[in-house]
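You will see two complexes here that share chain A, one where it goes with chain B and one where it goes with chain C.
So, the complex of A and B:
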């Protein structure tokens, strides 16, 4: 029902409505991806928007300089983000706790500096414009597909022994090692998987907006939003990121329309409330309280 | 004489200026239960950590079934067939009791599940299989940790204070289980402070003091050893 409704929505929805849905899909893909590495293994990534930016630039460069069709460029964005994750994952995933979080924060700044520096390819600080194209509806479907794929992937992982092994890293990495689990390899796999969704979403967003610049695709605020969405919905659950993305995006739009300066305050209040009152998030809380299976 | 399961030769580990393990050599034969005792801080747990690769040894050799294992990563050593429990319980608290066992297995899931349920039944935790391990009592968590080790079918099992905090009834079951493992041909090395347990269970006991092995022998002989008495009670 919901799938059908979402599929036919662009035929009767308003321009604003379609665009808002597209944004929700994007946030589901981003939050769901952050959940794969940070919700499951407990390695908190404070620079996950780096993969979004890497995908955006990969896609935008291929579209504007090599005239790639946008769908292919979007997939290439996923591959590009994955490549970045491979290069930095190996050294960074040896770091534990706050050190990993800070290293990821640093990665984002490095990438932003790099795209600003290589002006010939990226347009530097003045940004990169893409050829005009009206493709909001096809991009809507592509973004919906990305969100659905990330959620399905999360479901498959969480209900498998691979997912349980990722959770042992969060629960007790040393014990996991001593029990024969190759934690380094598992962390890297989770990290690579968590980079693909943001990479594709970044390239799609770049195509949709038609213009990108370093500050628009590497903002720390995007990472924070992903984190808050997952924490709100329930980290380490299948539907937590979806719930968090929908609820927070809708409430943000709602508040933003009425009180332009209040939405950041609201966001801050939600962070504090979630961390203090329900660190497991909505679904995490229900899962523990009512012994719900891992499929939620 | 059969090839030793585990052969440690001149193993040393220092933390700054402290020699936690100092030139320890020992050899374990298959199908026997060994005890490792010594006062607090004598290096028992560090020795376990060096065998399982959690600490990097500074000098010495560790051979497992005739194969050198020092320098391997902990998970590689575990896969070779060494299982261990920890002094401080290290179950995966937000995984259920059943998941705690399943997660360490590879290969067919149905077989793994059957084996896990059999082991949980064995320690009478079958009814709690879907409970988060972190919600179980101390003794129950200890049992989960114990049977989790068995899921990988190890040939050498290192137990770090298995009796601590376990009630009498449970303890007897646990000791029977250890004997049964021995009868299946596995080797057990256990650190234990409860001397009744050590004397009743172990066939050979090693005594550490200040990182050095000061005695080795049958429990009865160890009990009257001058150096052992001195290490425990002072001169």
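So, the complex of A and C:
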């Protein structure tokens, strides 16, 4: 029912409505991807928006300089983000402890500086314009596909041996190693998978907006929003990120857009409150209360 | 990019690097203390430095207090803020998985930055005091940087004296070596945690107070300091307090050295590349791991 409704929505929805739905799909893809690394392995990524930006620039450069079709450029955006993840993940995920979290804290600034520096390719601080193309509806379907794929992937991982191993790492990494799990490799795979979704979403968003610049694709606020969505919905679950994305996007759009700093302040407070009071999020609470299956 | 490097330029880099390095070392020592004692990386360390800078600014603009006299006052105020944070929030996640403490302090950090945006607006503020530089042989030495160096070196020396000589300092080091054994020896570990967090926050605040006369004050000035402080700890070896001194000096020198060849934008990247390379080649840091 819901799938059919969403599939036919662009034929009758308003321009604003379609765009809002596209944004919700984007947030589902972003939050779901953050959940893959941080929710499942417990390794916090404080710079996931870097993959969104990397994908946006990869896609935009291929479209504007090499005239790639946008769908191919979007997939290339996923590959580009994955390559960045490999460079950062390989040295940092071999180690236990906070190294990965801090490395991700700086990654975003570094990519932004690099993008501003290589002006010839990226347009530097003045940004990059893409040739005009009216493709909001096809991009709507592509973004919906990305969100669905990330969610399906999460389900497949959580119900697989690979997912169990990731969650073992989260609960007790030493024990996981003792059981013969190659923890470094598992963490790296989860991280690479978590970079693809934001990469594709970034390239699609770039195509949809037609113009990107460093500040528009690397905002710290995007990472914060992803984290809040997942924590609120329930980290380590399949539907938690979806629930968080929908609820928070709607409240953000209708209430909080008018109070940017207060809104961010509230997000900080939500993170603190969720960590202390309901570490498993809304879905985690429901799971316990109504004995829902663990794989929801 | 062919720039002829003269000996004078190298000397200038060494001077500026050491001046900046002492500040890095002092601020990073705070982060290292919290990590050593509680195994918590405080993401809010940089934003607390920002609060220190604002405290100095308001003491200067509202009360007319000399910015250097206000360093101890700022440290005291932020010591209390740190104790308050530990008492209300951080103590709840000390024994929790790392994910919890990272996310909690991240939340605190976002809240602090945006609280500052609301309360102080994002206008740039400055404390104008001791501007300019003086010649030292062929080199130019910025006055504010030099005073900041002296203060940072003094505060860091006092902090080490405190850790080495006093009972409380010994209790802090004992707790960071082995918490259970420290408890068995009759050390009140909760109290040690409170003091440690307060002291670490005061060290960040001293950094903020000294930066207030050097750079523009704004709510987002702090975050990069969490990253740089961590880099200093990694360079020196996590849990190794003297390592923070070496790490701070190294970071100062490397950043200044890089600025000879690269634009300011790219010298930020240098610090990052350095982190990744050190983690690849020598993850235990230059002086090795935990030897407090």
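Convention: the second predicted complex is superposed on the first by the 268 of 296 C-alpha atoms of A that agree within 3 Å, B and C clash if a C-alpha of one lies under 4 Å from a C-alpha of the other, contacts with A are read in each partner's own complex, and residues count from 1 in each chain.
Heads up, the rule we're going with is that a contact is a pair of C-beta atoms (placed from the backbone, for glycine too) under 8 Å apart; a residue touches a chain by one contact, two chains touch by 3 or more.
It should be emphasised that the depicted structure is a prediction, and the values quoted were computed from it without experimental measurement.
Student: Touch test for A:255: chain B only (first), chain C only (second), both, or neither?
Tutor: It touches nothing on chain B or chain C.
Student: For A:98, decide between first (touching chain B), second (touching chain C), both and neither.
Tutor: A:98 contacts chain C only, not chain B.
Student: On the A-aligned overlay, A:167 touches which partner chain: chain B = first, chain C = second, or both, or neither?
Tutor: First partner only, chain B.
Student: Could you tell me if A:278 is touching chain B, chain C, both of them or neither one (first, second, both, neither)?
Tutor: In the superposition, A:278 touches no partner, neither chain B nor chain C.
Student: Now for A:71: first (chain B), second (chain C), both, or neither, which partner does it touch?
Tutor: neither
Student: Which partner chains sit in contact with A:246 here, chain B, chain C, both or neither? Use first/second/both/neither.
Tutor: After superposing on A, A:246 lies clear of both chain B and chain C.
Student: Could you say whether A:114 touches chain B, chain C, both of them, or neither, answering first, second, both or neither?
Tutor: In the superposition, A:114 touches chain C alone.
Student: Contact-wise, after the overlay, does A:79 reach chain B, chain C, both or neither (first, second, both, neither)?
Tutor: In the superposition, A:79 contacts neither chain B nor chain C.
Student: Tell me which of chain B and chain C touches more residues of chain A.
Tutor: C
Student: Where on chain A do chain B and chain C both make contact?
Tutor: Common to the two interfaces on chain A: residues 170.
Student: Give every residue of chain A touching chain C within the complex, in rising order.
Tutor: Touch residues, chain A against chain C: 38, 42-44, 46, 87-88, 90-92, 94-95, 97-99, 101-103, 105-107, 109-110, 113-114, 116-117, 170, 220, 224, 227, 231, 261-262, 264-265, 267-272, 275-276, 279.
Student: Chain A touches which residues of chain B in the complex?
Tutor: Residues of chain B touching chain A: 52, 54, 73-75, 78-79, 83-84, 86, 90-95, 99, 102-105, 109, 130, 132, 148-149, 152.
Student: Looking at the complex, which residues from chain A come into contact with chain B?
Tutor: It comes out as residues 161, 164-165, 167-168, 170-172, 174-183, 288, 291.
Student: Mind pulling up the chain C residues that touch chain A in the complex?
Tutor: 35, 41, 43, 89, 92-93, 97-100, 102-104, 106-115, 117-118, 223-224, 226-227, 230, 234, 238, 263, 265-266, 268-269, 271-272, 275-277, 279-280, 283
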